[in-house]
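Across the two complexes that follow, subunit A remains constant while its partner is subunit B and subsequently subunit C.
Our next item is the complex of A and B:
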């Protein structure tokens, strides 16, 4: 029995492969499904026999089981239909209207597989790719109970392969967009394909894996992303700062009428944590601080640009180490053991990590414009909460928007204190290379 | 003392004289001289040797005693105080009003309770530590009064007593002793709890170098608005031996009438509501240079000494309180009937009474043993012992009061009964005079400091691979593994404990021996980085507190049996229960200390804490949360 089954299996695999490569070259979803099928313990192998029969009946219904180039052309009628039925509305209402129109158009649901493929392709265009209800609506197009295998043989062999493939494809797209199926999906799939079917198997796998991946990101990005640039900037800054005590300040609100492409009064949103504030207060005014940027930050499909206010790493001789905890520090107990014994080798659980030392970052901001005038306003705003900043020369090192930071002419040191300008420039030139690489590194991380 | 007689305390067996009550005039001067500020290393007391796995039995055996005359005087003195507290102090009213009535304060002054620790030559009672502990037992009946008195004399004027000049003592102590002046101890600031470096209050020397100008604010000052004399710690600029300017802490005696001293409003507290706690502000207060306590820049040592010396009395204080509670709850348990049986017949209620009795017995033993050690000649450094008494008794107080409240059930929750007040009052014990966490670090660090110095050479030799030391070490391990019976001389031919508690003594010896071994292993493992291993240090402190408690009860029970005191069989019973219990707790802690981090959970515990602290919130999702 076993060997017979294996023979059928092998046959099925090769034939299925062959059939598929003929039917839809480049259509990969079947292939993993096929291999899954080989591995799946509960799945009976399905023969090509019935599916071949189905193929003919299918091709009668929908005459375009042809290479994709042909099918693309043949799909066009539905495309027009889709456009018409949606009433030109590129949103959820339009989409669901189109789908419902198709479902009601024809009792026999002629061409539903192709329509579903088309709808799946159209989803991002209508912005409904994350909407579970739409997926359920799509699945609802399938005629119910027709594709459910009725006997053992149908169950063993691949029953209505094109429809099953299409169902799997819908679930596949859900998986790609991280949409979790629900009970309704399960119910629909049961009605359409029955329990022992590929889409059902796919559903079970989704329901097993997606919940486990759903909260895997410790720094979730909200969905949908806020539309307001200030909210977006706030979110991005909080993400970079990674400090719960950091405070976001909106230094400048955009003028309502200037929300257009090139606002004359762009928004400026900054973030600073108390630690950064303290570090800035202790900064030696003789050393300049730098405004650098813009560095890109991607939030999903949105790219934001941020600027940092930072200083160079102090040379070792100027560094103020944390004051040693002296013997007369704690009123209640000695905090040092008067002993020269060191830790034994067995209790050292720290990994040997080579840490790259970087200069301190004092604040970060996101602004609607990346020019020096806008950023100078940010620095002015910072001076309210950081009075020490008024005495520290600020050097602007601004690059061009577009990812890679270039050392261009307009990075000339333009400190607010001109008396130190020359010195700053020379200082800057010495340190240009290393500091830029550091910043890039930082931006990436 | 009221009788003013010459009272001597005889420490039996040692043959030394311990001072109780008033010392003879001719010895007083010498005594107070010896009480000068201690800076150098002092004679180590009993506990430090426990870290080496040794028992210095002559320090703790026999249990300290007072002579019959002293005892009688003591009893005579105690009677009026007890009567006063029983009849005239209305604790409920004090708690409700949040203030101690003036007449009560006046009566306290009349009784001389404000000058208990001040030598007789300055008009105080000049009590010994034992005697002070005994009186504390009675004062504890009202938490607010006990705290007011303690803040006055255990810390408030202790600075003058320990390190003041003759002139300062002559000027201030007589008035402080009568209670005309009340003292307060001003150390804590909004930014500075135990961290000396973050003290903000500053004293700057005036142009003519005659006085300091004091500026700053102190918070949570007990007696803040009552006091006329403040011991204030402030930063002063001094020039050290290298010619650099440095900030050092200096202690000052500040009178209220120096000007610029103001109070905040009284704090609204959970417990000890009658005690007076508020902020104290100093604004350009002129303090004459002669009011500096000790040397300029000595403030840190003075603060440490004052804090260390004030703690031992908490044991007897709490014992007094719980003894009273036992009386009240026993009365209730024996009369209240459920199912036709009094509560006292139920096992779970009996268990609670056994706990109350045991804890009281232990803390009482510890307190008087420590007080006796402090009174012994040479003024040994008993600060670790005192810290242990404080930790043990404050935790026992919280547990016992809570159990007592549990015995009376819902009644205990009502404001009409005193139980909830005791509960609120006792909560502060875990916090003030050094939180228990900090004191555990102190206990462990002081012991390790000592053990580290002694064991340094051995560990070095071992690490270098000195063969003879290594052989010795290996043979010791072999001997241990053959389950050698530990004997440190408490029992047997030269034994000091009574045979009825012999088994407990053996348990103590075994614990002490293995504790010594574990300390050595830990020092070898961590060296000076053990400071960072707070969880291990806490375990060590717990063990050593138990060891000291076991010692105290063994010593006391042995004495009681030897003398044939009334109900000494009860003492033996309590001793054996406590020692067995503590023995197993110690074994558990020792086994945890021997393990490496993944096994003893320390690493996981720290990780769990890091996760919570990283998020600044509880991290787990709600149990009703779902994904699909």
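Our next item is the complex of A and C:
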């Protein structure tokens, strides 16, 4: 009997002290009675129940921090709250209103980690992913001075790891979108996580690396990109022309109602440099020039398409050598220098490769539509400044938007497709011959 | 392997026929999958030869069929009457390797990298890779996020004028549905690691140059240039030195010069705190990566890749180790 009682006692201990204190308030389990065993057994389920109930109530009080779920379809906690608090506005004011509403909702900031993960995911939707003030606002949700380690041990072991992870995630998204943190960010992180913490380390790394790569793009793209298609085309053309003397001409302005998908009068913007103009004037009228395109040009996340006016490479027998500059061209100083006076065999800085030879480019344009009628208008406009173009046959070699690149979707029949397209192009060329003559006639008349 | 095949192919043991079939199926299946094209050609040749052979061959094959019918095993019959001349293929392979080895040994006598010493001392420029024919494309590997389940596509081929390589495709940042991956969308081309005789790893020595030179034509997208150094340690195979290459776009060729001092050190795609210089005398491969998080088609046309010595550039390394970061670690 004694040993059974001890066994029950041991079981009791393993269940936890609260069973002893709560489950049998009337009887002491130490009672040396025969009924003790039975009673004790009957009280086990009650003990289980009470402890289970306590566990659930505990979980309500301390919010469980869930790791961020990857699936976009799952309904997130606070998603409804976010929608309501933003008031249906999908912009910066709506976003900051929702974040502020959460910050003021509860003094204890219950569930703030979940909310921050949700807000980070919602940022591109609201178009605020490049806004530093919003990131600072998000960091401001964290309660201050709670997660700061207070002694050496806390510092060594990861103090409040979920919250630190969340803070690092905010900074990681800033890094991904190229947003530079400022002093306010540093101050907030100091208040929330302290000096020696993972978010602070991440902040230091951002501060170190982002300024080094901020301005390394030699072809800078303005942020935000211009909304007007003409301004955008002007910027793109100036970028690809790579010539400061090149002049942009707007050949056709769009009608205000034509800014939609299928404009009846699309914009046509062209660019030509004086050198190109001179080259076109010297072009042999017996050889045709080609309008090729559309070719893609990416300005950050926007794709523009441009067309070029170019000629084929001249066969070697027809190439004119550069006119030799005779000594009589200038009496005062020599036009050519014999420059290999001080050069040894170690001064050779030329790469030993065959040059890629391509035909000259005479002009480039960007238009709202990529069809032949629009581009014919561009050629007409070019004829005003380039009278020689009226005598040169123009062949349109137009592909689909994306051209070669779209073919890659049908990987299997790639060879066939290219062949087909070539045939189509050649057919098009034949068809287009009369229209060119029309254009020429128009230009001449 | 050749011995084994001789054993298998022995026609002196008609009772061993089914063993032979089974062995062909299981033993030679993987060999077929991995063998070089040279082996295939020899197979074809032998097939043709056996087709023209005397009726003895036919009787032999009919005998084999007969035995198969008797046995009634569920074996997928391999190519019948196929004789693979392993001897020939292996001999040719070994011969090539020995030729390469002999060349390497002779080159050692001639000078560093098989050229006279004065040439190496005087050269300021060197063309490392150029794209003039389809053989040049074999030196490159194309990878994309398909390896992790993404949806990008990338292809490499010669451009229409056959004087440059065109790397094109479609970038897609759609995540693979594995529930783990957080970011996706990259396309890359990487040069193959140079190999010497008997598939020994080799490396390039660029210690007399200080700038990378690229002649490219792009579509305005930013690229990343990655240089991998050859190290014998297993742990270092994720290490890269990278820098960015911005393309102008448009119909004109563009010359990109990147000093080696600008390349920063990263491991598994994360910039490291402990920055170290690129080891210029142990370059293993170079790569171009596109991962600018913009969905859509892209192209990059490459004329050639070279290295040269820029006497005006004296910088050793552009990045110092930050005391602030190290103090906080």
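In this text, the second predicted complex is superposed on the first by the 314 of 445 C-alpha atoms of A that agree within 3 Å, B and C clash if a C-alpha of one lies under 4 Å from a C-alpha of the other, contacts with A are read in each partner's own complex, and residues count from 1 in each chain.
One rule holds for everything that comes next: a residue touches a chain if its C-beta (ideal position, glycine included) is under 8 Å from a C-beta of that chain, and two chains touch if they have at least 3 such contacts.
Source: prediction; values computed, not measured.
In the superposition on chain A, A:239 makes contact with subunit C only, not with subunit B. Look at A:253: by the touch rule set out above, it reaches neither subunit B nor subunit C. Of the two partners subunit B and subunit C, more residues of subunit A are touched by C. By the document's definition of touching, of the two partners only subunit C reaches A:200; subunit B does not. In the superposition on chain A, A:346 contacts both subunit B and subunit C. Applying the stated contact rule after C-alpha superposition, one finds that A:211 touches subunit B and leaves subunit C untouched. Applying the stated contact rule after C-alpha superposition, one finds that A:329 touches subunit B and leaves subunit C untouched. By the touch criterion stated above, A:133 is placed in contact with neither subunit B nor subunit C.
In the superposed model, A:301 makes contact with subunit C only, not with subunit B. Residue contacts after overlaying the shared chain place A:358 against subunit C, while subunit B stays out of touching range.
Judged by the document's definition of touching, subunit A residues 346-347, 349 lie at the interface with subunit B and also at the interface with subunit C.
Here subunit B touches subunit A in the complex through residues 187, 194-197, 248-249, 300-301, 303-304, 307, 434, 438-439, 441-442, 445-446, 448-449, 452-453, 456, 459-460, 523-531, 596-597, 603, 615-616, 627-628, going by the rule given at the top. Put simply, subunit A touches subunit B in their complex at residues 180-182, 207, 210-211, 214-215, 244, 323, 328-344, 346-347, 349.
The part of subunit C that touches subunit A in the complex is made up of residues 122-125, 127, 130, 132, 153, 155, 161, 163-164, 166, 168-170, 175, 179-182, 213, 215, 219-222, 244, 246-253, 271, 273, 293-294, 296-299, 303-304, 306, 308, 318-319, 322, 324-325, 328-329. Interface of subunit A with subunit C (complex): residues 70-71, 176, 195-196, 200-201, 204-205, 208-209, 212-213, 216-219, 236, 239-242, 295-301, 303, 306, 308, 310, 345-354, 356-358, 361, 364, 402, 404-406, 408-409, 411.
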